[in-house]
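Input: one structure, supplied below.
Labels A, B, C, D, E and F are assigned to the chains in the order they are written; within every chain, residues are numbered from 1.
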Amino acid sequence: MFKVLRVVIGRDLLLSMRRRADVANALLFFILVASLFPLGVGPEPNLLRTIAPGVIWVAALLASMLALGRMFAADYADGALEQMLLASAPLGLIVIGKAVAHWLVSGLPLMLLAPVLALQFDLPIDALLVLVASLALGTPSLTLIGSIGAALTLGVRGSGVLTSLLVLPLYVPVLILGTSAVDAAAGGVTVQAHLLLLTAFLIFAGAFAPWAAAAALRISLD
Amino acid sequence: MFKVLRVVIGRDLLLSMRRRADVANALLFFILVASLFPLGVGPEPNLLRTIAPGVIWVAALLASMLALGRMFAADYADGALEQMLLASAPLGLIVIGKAVAHWLVSGLPLMLLAPVLALQFDLPIDALLVLVASLALGTPSLTLIGSIGAALTLGVRGSGVLTSLLVLPLYVPVLILGTSAVDAAAGGVTVQAHLLLLTAFLIFAGAFAPWAAAAALRISLD
Amino acid sequence: MLEVVDLRCERGERALFDGLEFKLPAGALLRVAGANGSGKTSLLRILCGLALPARGDVRWQGESIRALREEYHRQLVYIGHAPAVKDELTGRENLAVSCALGGTPADAAVVGAALERVGLDGYADLPARHLSQGQRRRVALARLAACEATALWILDEPFTALDTTAIGCVQEMIAEHLERGGIVVFTSHQEVMGASITAYTIELGG
Amino acid sequence: MLEVVDLRCERGERALFDGLEFKLPAGALLRVAGANGSGKTSLLRILCGLALPARGDVRWQGESIRALREEYHRQLVYIGHAPAVKDELTGRENLAVSCALGGTPADAAVVGAALERVGLDGYADLPARHLSQGQRRRVALARLAACEATALWILDEPFTALDTTAIGCVQEMIAEHLERGGIVVFTSHQEVMGASITAYTIELGG
Amino acid sequence: MNWESFDAFLAMGGYGFYVWGSYAVTFALIAMEVVLLRLRGREIMNQLIRAERPRRSAP
Amino acid sequence: MSRPSEAAQSPRPSFGGRINWFKYSSPQSFFPLAGAAIPWFAAAAALFCVAGLYVSFFVAPTDQQQGEAYRIIFIHVPAAWMSMFIYLVMAFWAGAGLVFNTRLSGMMASALAPTGALFTFVALWTGALWGKPTWGAWWVWDARLTSELILLFLYFGFIALTAAIDDPRRADRAAALFALVGVINIPIIYFSVQWWNTLHQGASVSLTRAPTMAATMFAGMILMALGFWMYSIAAAFIRVRCIILERERNTEWVAEYMREQR
C-alpha cells in the first residue's frame, strides 16, 4: 500500500527531474510576476513595501494555480491516469502521492525563493520569516484544494468555470490569512493566530481533499 | 487566399463557441486577479486607486498570457496544425487569422470588462477611457508577440511556463506604456505620446510577429 | 472466472448493447468484434470498472467488481487505446512504474526480459519520446510479459500499429497466458489469433 | 510526377535511410513498408515538406517542393497518424474546414456525400468527441472522397482502427484515384491492397 | 599612487563594501564560469573515453 | 529578420569558388582552430584585465563628487557594453544559422549565451551596488535598468529554450528565432537614456564627441572592456568545443580525435 505511495511520489519526482525546465520555469514565472507588479505600479518604495505581502502571496497563488495544470492533465492525455484508477491501492492514496510530489517541486522552491523576492520590496526581516512560514503552511493547502479542481476539469463534464468558482472560495481564506500574517508581522503584531488558522486549514484540506479529488477523477474518466 | 483567412477565423471562433467554458475561464482569471489584489493588499481606498492601473494591466497581461496556451497547443496535439502547414495559403496568413480569432475571444472581452473592474478601484472617468484605449491598443500586441512564444514552445516539456519566460520580457514595454498612460490620465497629464507609442508597437508587431510565428511553427513541427 | 450479467451500456442517447451475458472460465479467450462505433471500447472499460454500466453487473470469481475494487485491480491488466507510456521516462522506467502501480512489482531482471521479449532490447534506455508509434505500443505491451501472474488481461486493439514480428510476439504471449489458465479479453478488427486457439467471439452492434 | 533524389533522414544520431531515390509517375501506388521505427512516418513527413531531410530533395513535376510551397500543398492530401479531427466540431464541420484549408473548398452536398461514402451518414452531425476511435479516423479519411481532384495522396497507416467495411471503402477510393491518374503513397503493416493493383513497395530499415 | 596605506586601499574612502563587492562578485563569477567549463569539458572527455573503450576491445 | 520562414528553409547556397568560408563553418574544422586560439585569447584577457585593474585603482584619480565609489565604473560599463555586444554577436550567429543552415552557427550562438548572461548579471549587480551610495536605492524601475533586466531574461529565455528542446538542430533553430526577435531590446537599452529621462547616466563616450571624462578613466574602461572581450571569446571557444564534442560524439572524426589524444 505505502509501496504504491512511494512509487507514485518517486515517479512524479522523476518525471519532474526529467523536465527540470518545467520546475525552473515555474520559479521564473513566480519571479517575473512578482517583478512585474513594481513595473505596473510604479517605483515608489513606500508604496511597494505596503503592497509587498499581497503581491508575493498573489504571485505564489497564481504560480501554484498554474502549476495545477501539470498535475493530472498529462497523465490523462496519455492514458496513465486510467492505469492509476486501476492500481492496486486506493485512488485517494495515489492522489496524496501526486499532491506531495507536486508540492515538492512547485510549492517548496517557491517558498524558498520568496524571501529573496521580498528583499526586492525591502520587507523587514521578521516579516520575511513569517512570509516563509505562511507560505509553508499555505501552499500545501493550495495544492490540495487545487487537486480537486484539476481533477474535475479533466473530463468533458466538469465545466472549467464551475470548478474555478468552486476552488476559489477555498483559495481566498488562505490568501487572506497568509497576507494578513505577514502584514501583522511587518506591523509588529503577534501572528500566532493567523498561523494556527493556516495549520488548521491545512490539516482539514489534507484529510478531505484527496478523497474528493479521487471521486472527481472517477467522474471525469467515466 | 483571403478565403482561407476567413475560414481560419471562422473555424477558431466556432471552436471557442463550442468550448465557451474555456473562454469564460480566461475572463474569470482576469476578474480573479484584479479582485484578489484588494484582498491581498488591504482595503485602503487611496492605496487602491494608486495601484489600480498597474493591477488591472498586470491582470490583463497575465490573462492574455495564459490564454496563449490555447492558441496552437490543441491543434498541435491532434494534428490539425500539420494540416495548416500544408494549407493552400501562406502560413503567416493563417497565423494572422488565428491571432485575430484569439484576440476576439481573449482580448476583446477583457477590454470590455476592464472598466467595470476599474470602478471597483474608484478610478476617475477619463482614466477609465484611457484604460480601455490602452488595452485596445495593447492587448492585440500581446497576442501577436505571444503567438511567437506559443509557437516556439510547441511540443516542449513544460511549455506553458517556458512560453511566459520567453514572452514576458517582450510584454514589459507594453505593460509600462499602458500603465503609464492610465497613470498620466489619472494625473491629468496628456496621454497622446503613450498611446502613439502603443500604436507604433502594435503596427510593428502586426507586421513582423505573424511571420516570425510562422517560422517558429515550421521549426517546431520539423 | 469473469462473469457478466445483463449488461446494458448507453452512450449519448443510444443503447450500444443490452442484456449482454457471458461467463469466461479460466483459460478462456474472448474476442470482442464489431464495426467501428459498435461499443467494443465501451464494453472493455466497463469490464475494468472504469465506466459504469447503465444496468447489470460485472463479477470476478462470483463477486461484483465494485465491491472488490483494488483486489480486482491486482488481478487485472488493462491496455487501452492510449498506451499510458510517459514520454519522459525510458522504456525500462515506464514498465517498472506500471508494474508497481498494478501491484505486481517487477525487478530489473524481469523488466529487462520483458522488454527484450517485445523486441525493444536496443531501445530500453531511450526516453519514450524518441520512439516511433509502434515502439511505444510495444512498451505498453511489454507489461504482459512482465505481469504473467496476473489472471485477467483486457486488451483494446493490441495489434494496432504493430509490425508482423510484434504481432506474432503478442499472439504468443496470449497463447501462453491461456495455457497458464489466464483469461484474455481483446478487441480486434482482424482475425489475428490464428486457428490454433479457439476464441469465443462477441459480435457487437449490427 | 513525384520524384525523390538522394534522400537522407537522420533522427537523433542515427541515419534512418540514405540515398533513397524513386520516381512515381501518374497513376502509381507506393507502399512504404518496414518494421516499427524504421522511418516510414519520417519519410512521409519529408515527402509532404513538413520535415527537412538531412540531404536530398523532393520534386513535384520536376520542381523542388520547397520552391513550390503552397502550390504543392494545393495538390496534396496528407493524412497522418494524428487524424486532425477537432473534438468540438461535427464530422461535417471538420470535413468542410479541412477541405477549405487544403484549397479545395467543398460545398454541403460534396461534404455530405463524402461522409456517406465512408459510412458516417448517421453520425455527420455529432461532435467528433462522441465518436469512437474508428469513426474519427473515418472522418479524416472522408477527405479523400471530398478531394478527389487532388493529385497526390500521402496516407500514414490509413487502415488503422478501421473495421473491414471501412478498409474496403478506402481501398476502393484509392483504386479509383489511381485510375484517375492520381498518385498515392501509403504505409501499412499489412498487405491490404489486394492483388488487383500493383503497388511499388519500399522496404525501409533492415 | 592614490593610496596612503593598504587599509586606505581596502576602505575605498568608505565605499569599500560597494567597490569590493562589485569586483569580488565579478571575478568570482568569471572564476566560476571557468571552473564550470573545465568540468563540462572533462565530463564529455570522460564520456567519450568510456564510449571508446568497448569499441576498441571489439575487433 | 525579414521572412526568416523562407530563409530557414532555403538550402545551403553554393558560392562560386566554394573554398573559403564554409570550410571553417563545419564543426570538424573549427574545432582545432578554436583549440589553437584559446590560449592566445586567454592570455590577452589576463593581460588587459591586469592592466585595466592597475589603471582603475592606481592611476585614475579620485572623483570629486562620488569619491571612490565611482571606481565601480571600471567594471560596470565594460560589463554593460559586453552584455549588449555579446547579444548582438549571438543574434548574428543565430541569423546566420537560420539562413545558411550551418551547424556551427547554432553552436556558436548557444556557446555565447551563458557568458552574455554573466556579463548582464554583472552589469546589474555592479549597477545596484553603485546605485545604493549614489542614488540611495539598490534598484529603481527606470528605463535603462528595466531594459537591462529584460536583457537578462532574454538570455535566460534563450538558454531555457535551447535546453528544453532535445533535438539539437530544432533547438538551435528555435532559439535562433527567439534571439532575433529579442534584438529589438538592444537599441532600447542603448537609447533609453535619450528617449526617456531617467536617473541613469547618459552616454559619455561617443564616436562623435570627444570623451567628456578624464583620459585616464577612459583608458581604464577601455582596457577592462578589452579584457572582458578577449575573455568572452576564450570562454565561448571553450564552450563551443564542449558542445561540438557532445553533439558529434558518434562521428568518425571525433573518434579519430580521441585516438590522437592518447
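Here is the rule we go by: a residue touches a chain if its C-beta (ideal position, glycine included) is under 8 Å from a C-beta of that chain, and two chains touch if they have at least 3 such contacts.
Quantities reported herein were computed from a predicted structural model and do not represent experimental measurements.
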Open item on the list: I want to confirm something about chain C and chain D. Since they are copies of the same sequence, is their interface symmetric in residue numbering (over half shared, so same) or not (under half, so different)?
Closed with: same
Open item on the list: Applying the contact rule given earlier, which two chains have the most C-beta pairs between them?
Closed with: A-B
- [ ] Could you give the separation in Å between the centres of chain A and chain C, each centre being the mean of its C-alpha atoms?
- [x] 36
TODO: Express in whole angstrom the distance between the two chain centres, defined as the mean CA positions of chain A and chain D.
DONE: 45
- [ ] Averaging only over C-alpha atoms, locate the centres of chain A and chain B and give their separation in whole Å.
- [x] 25
TODO: Let me have the rounded angstrom distance from the C-alpha centre of chain C over to the C-alpha centre of chain D, please.
DONE: 30
Open item on the list: Quick check on chain B: which residues sit in contact with 2+ other chains?
Closed with: 77, 156-158, 162, 165, 168, 172, 176, 222
Task: Residue numbers of chain D (touch at least two other chains) - done: 12, 52, 81
TODO: Could you list the positions in chain E whose residues touch two or more of the other chains?
DONE: none
Task: Residues on chain A engaged by chain B in the complex (per definition of touch) - done: 18-19, 21-23, 25-26, 28-29, 32-33, 36-37, 39-42, 47, 50-51, 53-55, 57-58, 61-62, 66, 69-70, 77, 159-162, 164-165, 168, 172, 175-176, 179, 183
- [ ] Give every residue of chain B touching chain D within the complex, in rising order.
- [x] 3-4, 7-8, 11, 14-15, 18-19, 74, 77-80, 82-90, 221-222
Task: Residue numbers on chain C that touch chain A, as the complex places them - done: 48-52, 69-70, 73-74, 76, 78, 80-89, 93, 97-98, 100-105, 127
Open item on the list: List the residues on chain B that touch chain F in their complex, please.
Closed with: 91-92, 148, 152-153, 156-159, 162, 165-166, 168-170, 172-173, 176, 208, 211-212, 214-216, 218-220, 222
Task: Of chain F, residues touching chain E in the complex - done: 57-58, 60-62, 67-69, 71-72, 75-76, 79, 114-115, 118, 121-122, 125-126, 129-130, 132-133, 231, 235, 238-239, 241-242, 245-246, 249, 254-255, 258
